[in-house]
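Below you'll find a set of structures to go through.
Next come two complexes built around chain A: one with chain B, the other with chain C.
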Partner chain A sequence: MRREIPLAITFVVGMTILMSYFFAGTIPGTAWNLKNLAGDITGWGVLVSAFAVLLASVNLVRIHGAAISRKRKGWYNSGILIATMVAFALVGILRKHNPANTGINDLFQNMFNNVLSPLGAAMFALLAFYIASASYRAFRARSLEASILLAAAVLVMLGRAPIGELMWGQFPVISKWLLDIPNMAGQRAIMIGAAIGGFATSMRILLGLERGHLGGE
Partner chain B sequence: MNIFNKLQNIDRRVIYAILLVVLVIPLLRPIGIPLSVNETTKTIYNIIEDLDPATDVVLLSFDYSPGGSPDVHPQAVVIAEHLMRRGIKWVGVSFWDAGPMYAEQIMKYYEAQGAMYGVDFVNLGYMAGGETAIKNFGDNPRGAFSNDFRGNSIDSLPVMAGINNITDFAYTIDFVSGNPGFQEWVRQVQGPHGIKYGVGIVTVSVPQVMPFLQAGQVQGLLQGLRGAAEYEMLLGSPGAGAAKMDAQSMGHMVIILFILVGNVAFFMDKKKDKK
Partner chain C sequence: MTAIAGTKFLLWTIIVCGAIIVGVVQLSKSGKRIPKIRRIAGLDSIEEAIGRATEMGRPVHFTPGLSDVTAETAPQTFAALEILSYVTGLTAKYNTELIVTIRIPNVFPLAQEIVRQGYLAAGKADMFKEDTVRFLSSEQFAYAAGVMGIFHREKVASNIMMGAFWAESLLFAEAGAQIGAIQVAGTAAMAQIPFFVAACDYTLIGEELFAGGAYLSQDKVKLGSIAGQDLVKFTVMSFIVIGTLMSTWGNSALIEFMKK
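Showing the complex of A and B:
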């Protein structure tokens, strides 16, 4: 029953939402409207996602708490993580329950503006340096395909940067052509392939042929 | 070890230092490289110019993280500026957890200048659930949120009067840095409900939007930081976007130079080895 019940729930819920796109009426023999039922189910999906955030937080505390208590290498980083998580959570919860308190609102906003946002931006900004190093060391025209890729990349970069347009007015035209024609064709092909693959996988999950989401074998 | 071999094995800190200098100098002393405006940017501008301030409400979806904010937040800022100048009311929503905070940043700025929260704009807040949440909101925007981000009842907010369906918004602009993003919006909202939908996205994801733009599912596109800079030009108010374009230009040139030098060193070294 451990597998059968989740499979049955997956099938019934999935089919209800799928059928609601094709049929507007009520389920025969009942007063349940398919569209209303599907709407309720998607609402439950939002609640489940919120619980998933809570579960993730509990798991983080468990893993990093263990790292601190066992004094593993770099345990102080785990301490900083838990401390900042608790600080943000506390201030956020206080803000939620005291919406009129401007002090707490400003504190939460300042914590976000001056800590989380700049740190998050800085983490992604580091990528620029890795890309620079990779472009020097690894981007080699070793084959015809690699040469075409490199040439396209250089042309698109020159087309997109204002300095490229200043150097030669045709760089933006070439860049636009690359994005509008070869790129469009490739993107469409990938999207259609992914959509067909996603549909096939979804049907396998709905019909219980794919059981990876249940865990175990 | 010949010179080309040494060039290929240069300390990566030298590369980092060159890039850092090239990026910082234009930020401190802007060069002022001229900037043309893409048609996709003009589309959003013209749509907003054609809106009626008396009746139209715009939906802005803040779907980006702190990591994507340097590319996308300037877009949200300049669009909000255009809406405020025209007196068009707007509603902020988010399907990314950091989104409401960026909306609050923009709203607090205008509140300090006399705008009224609830009358000129509203921040509905964040809805967990990704694509499911987007579908939920698209099917019933009023029912999806009982209170806004500041704890006010939705029914008490003048901006939300008359907003019962997603089609009651005259235009929706989605600021995106990843997933859930524009594909989920097109699948769950734009397609089923036929809304007018524009996108502001990080530069690296622009190629992915092109098929949707060509198909007419996306009407208007701001392409990364350049899109924000172009919009600032259209508004006649150069700001954060325009200021950073010089640095972006120089950064691109340096990367191209690195590719060229690296390949020249590679092929010359190979040639010497053959001899």
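Showing the complex of A and C:
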């Protein structure tokens, strides 16, 4: 029963949501409207997610709480994490319950705009450097495939950069051809394969053929 | 109950494709036709990656990607969780520490249960610790920072990244490369595949990720569904060729049929 109940719930919920995309009106023999039912199920999903957030937050607090109490290396970082989490949660809850209070609204906005956003942007900015270092490793002509990759990359870069067109007017044409024909064909093949793979995986889960996510198999 | 206009073709596609997959699964289940999957280097390398971590006495890191189990990218997460099950079994076998980091709260209890059950099945329940499966943050870049921090602090020897990824894919892959970790990645996220190919030792491209569970377990049912998937792919390819030829000759009958 430990497996059968989750599998039955998956099938019923999945089929209801799926059918609501194709059919409208009430389910024959019942007074249940398919769209409303799908909407209700989506709402229950939000509730389940809220509990999952709670579970995840407890895990976070327990791991970092243990780091602080055992004074592990860098324990103060764990302290900052928990303090920030509590502060954000408190301000968020207060804001939700006092929508007219401009002070709390401003504090929440300031925390978001001046703490979270810049930190996220800083992480994102690292990508520029990482692209350079990854390209350096990938474009070393160690094999035939890597050499083809290197040649294609150089041609595309020359075609995209203004200096390339100044050097030779055909670079943008070659670059466009590489992107539109071989690259697009490869991308589409991967996309179609992945879409069908995703569909087959969904079918397996819906029909209970794939149970790995339930653990122990 | 009435059918919604413009969805008839899609509904029948799902029914036919579903029937093909279920039919081949039944054939495989009965033992009449057990399919074989070609060698997938990326999946074979998982054992090598865990073996290396065992030799070095350092942990293995696993992430099931950044997608929820309710999003359109959910199949990638489920495929990643299947691979997590296999990774847990191997780490239990070799007594190697496993660190699973999670971004999506909904995925957290699933991953925790998979790892706990995996250790239990291997008779090593004591290997499961509070911090084996770690929820880091639901914020994309906060999660990325957390993972990169773990790489450097805990000096992971192997990094396995499976599932749906976005801009953080290269952050993970480069941070892993910096510490000299052997890296195996797999995703169907088109824009991230080049980053993984460039920065990782092995990459599962697109549908290879979805074949992971079947390939690693060699389960007849799962192998059957992969063979069914290939038949569906063949059918889709036939439609593409026929549709292209018909459109080239000015016949739009297939396009109109698909719009129904």
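Criterion: the second predicted complex is superposed on the first by the 170 of 217 C-alpha atoms of A that agree within 3 Å, B and C clash if a C-alpha of one lies under 4 Å from a C-alpha of the other, contacts with A are read in each partner's own complex, and residues count from 1 in each chain.
By our rule, a contact is a pair of C-beta atoms (placed from the backbone, for glycine too) under 8 Å apart; a residue touches a chain by one contact, two chains touch by 3 or more.
What you see is a predicted model, and the numbers here were worked out from it, not measured in a lab.
Asker: Considering only touches as defined above, state whether A:Glu210 meets chain B (first), chain C (second), both or neither.
Answerer: Only chain C; A:Glu210 stays clear of chain B.
Asker: Quick one: classify A:Gly29 as touching chain B (first), chain C (second), both or neither.
Answerer: neither
Asker: Answer with first, second, both or neither: which of chain B and chain C does A:Leu116 touch in the superposed model?
Answerer: The answer is both, since A:Leu116 touches chain B and chain C.
Asker: A:Leu179 contacts which: chain B (first), chain C (second), both, neither?
Answerer: After superposing on A, A:Leu179 lies in contact with chain B but is clear of chain C.
Asker: Per the contact definition in the header, classify A:Ile63: touching chain B only (first), chain C only (second), both, or neither.
Answerer: Second partner only, chain C.
Asker: Return first, second, both or neither, reflecting whether A:Gly74 touches chain B, chain C, both chains, or no partner chain.
Answerer: A:Gly74 sits against chain C, while chain B stays out of touch.
Asker: Please indicate which partner A:Ser133 is in contact with in the superposed arrangement: first for chain B, second for chain C, both, or neither.
Answerer: After superposition on chain A, A:Ser133 lies in contact with both partners, chain B and chain C.
Asker: State whether A:Gly198 touches chain B only (first), chain C only (second), both chains, or neither.
Answerer: Touch status of A:Gly198: second partner only.
Asker: Quick check on the superposed pair: does A:Gly45 touch chain B, chain C, both, or neither? Answer first, second, both or neither.
Answerer: both
Asker: On chain A, what residues does chain B touch that chain C touches as well?
Answerer: 45, 48-49, 52-53, 116, 119-120, 123-124, 131, 133, 135, 137, 187, 191
Asker: Would you pull the chain A residues touching chain C in the complex into a rising list?
Answerer: Interface residues on chain A, with respect to chain C: 18, 21-28, 34, 45, 48-49, 52-53, 55-57, 59-60, 62-63, 66, 73-74, 116, 119-120, 123-124, 126-127, 130-131, 133-135, 137-138, 187, 190-194, 196-205, 207, 209-210, 212-217.
Asker: Quick check on the complex: what are the chain C residues that touch chain A?
Answerer: 1-4, 7, 10-11, 14, 17-18, 21-22, 25, 69-70, 74-76, 78-79, 81-82, 85, 102, 105-106, 108-110, 112-114, 116-118, 120-121, 130-131, 133-136, 138-142, 144-145, 153, 167-168, 170-171, 173-174, 177, 188, 190, 193, 195, 197-199, 205-207, 209-211, 213, 217, 221-222, 225-226, 228-229, 232-233, 236, 240
Asker: What residues on chain B touch chain A, complex-wise?
Answerer: Against chain A, the touching part of chain B is residues 8, 10, 12, 15-16, 18-20, 23, 33-36, 65-70, 98, 101, 104-105, 108, 127-130, 132-133, 135-136, 139-140, 150-152, 203, 206-208, 210-211, 214, 223, 226, 245-246, 248-256, 258-259, 261-263, 266.
Asker: Using the touch definition up top, name the residues of chain A that touch chain B in the complex.
Answerer: For this pair, the touching residues of chain A are 39, 42-43, 45-46, 48-50, 52-53, 96, 99-100, 105, 109, 112-113, 116-121, 123-125, 128-129, 131-133, 135-137, 139-141, 150, 153-154, 157-158, 160-166, 172, 179-180, 183-184, 187-188, 191.
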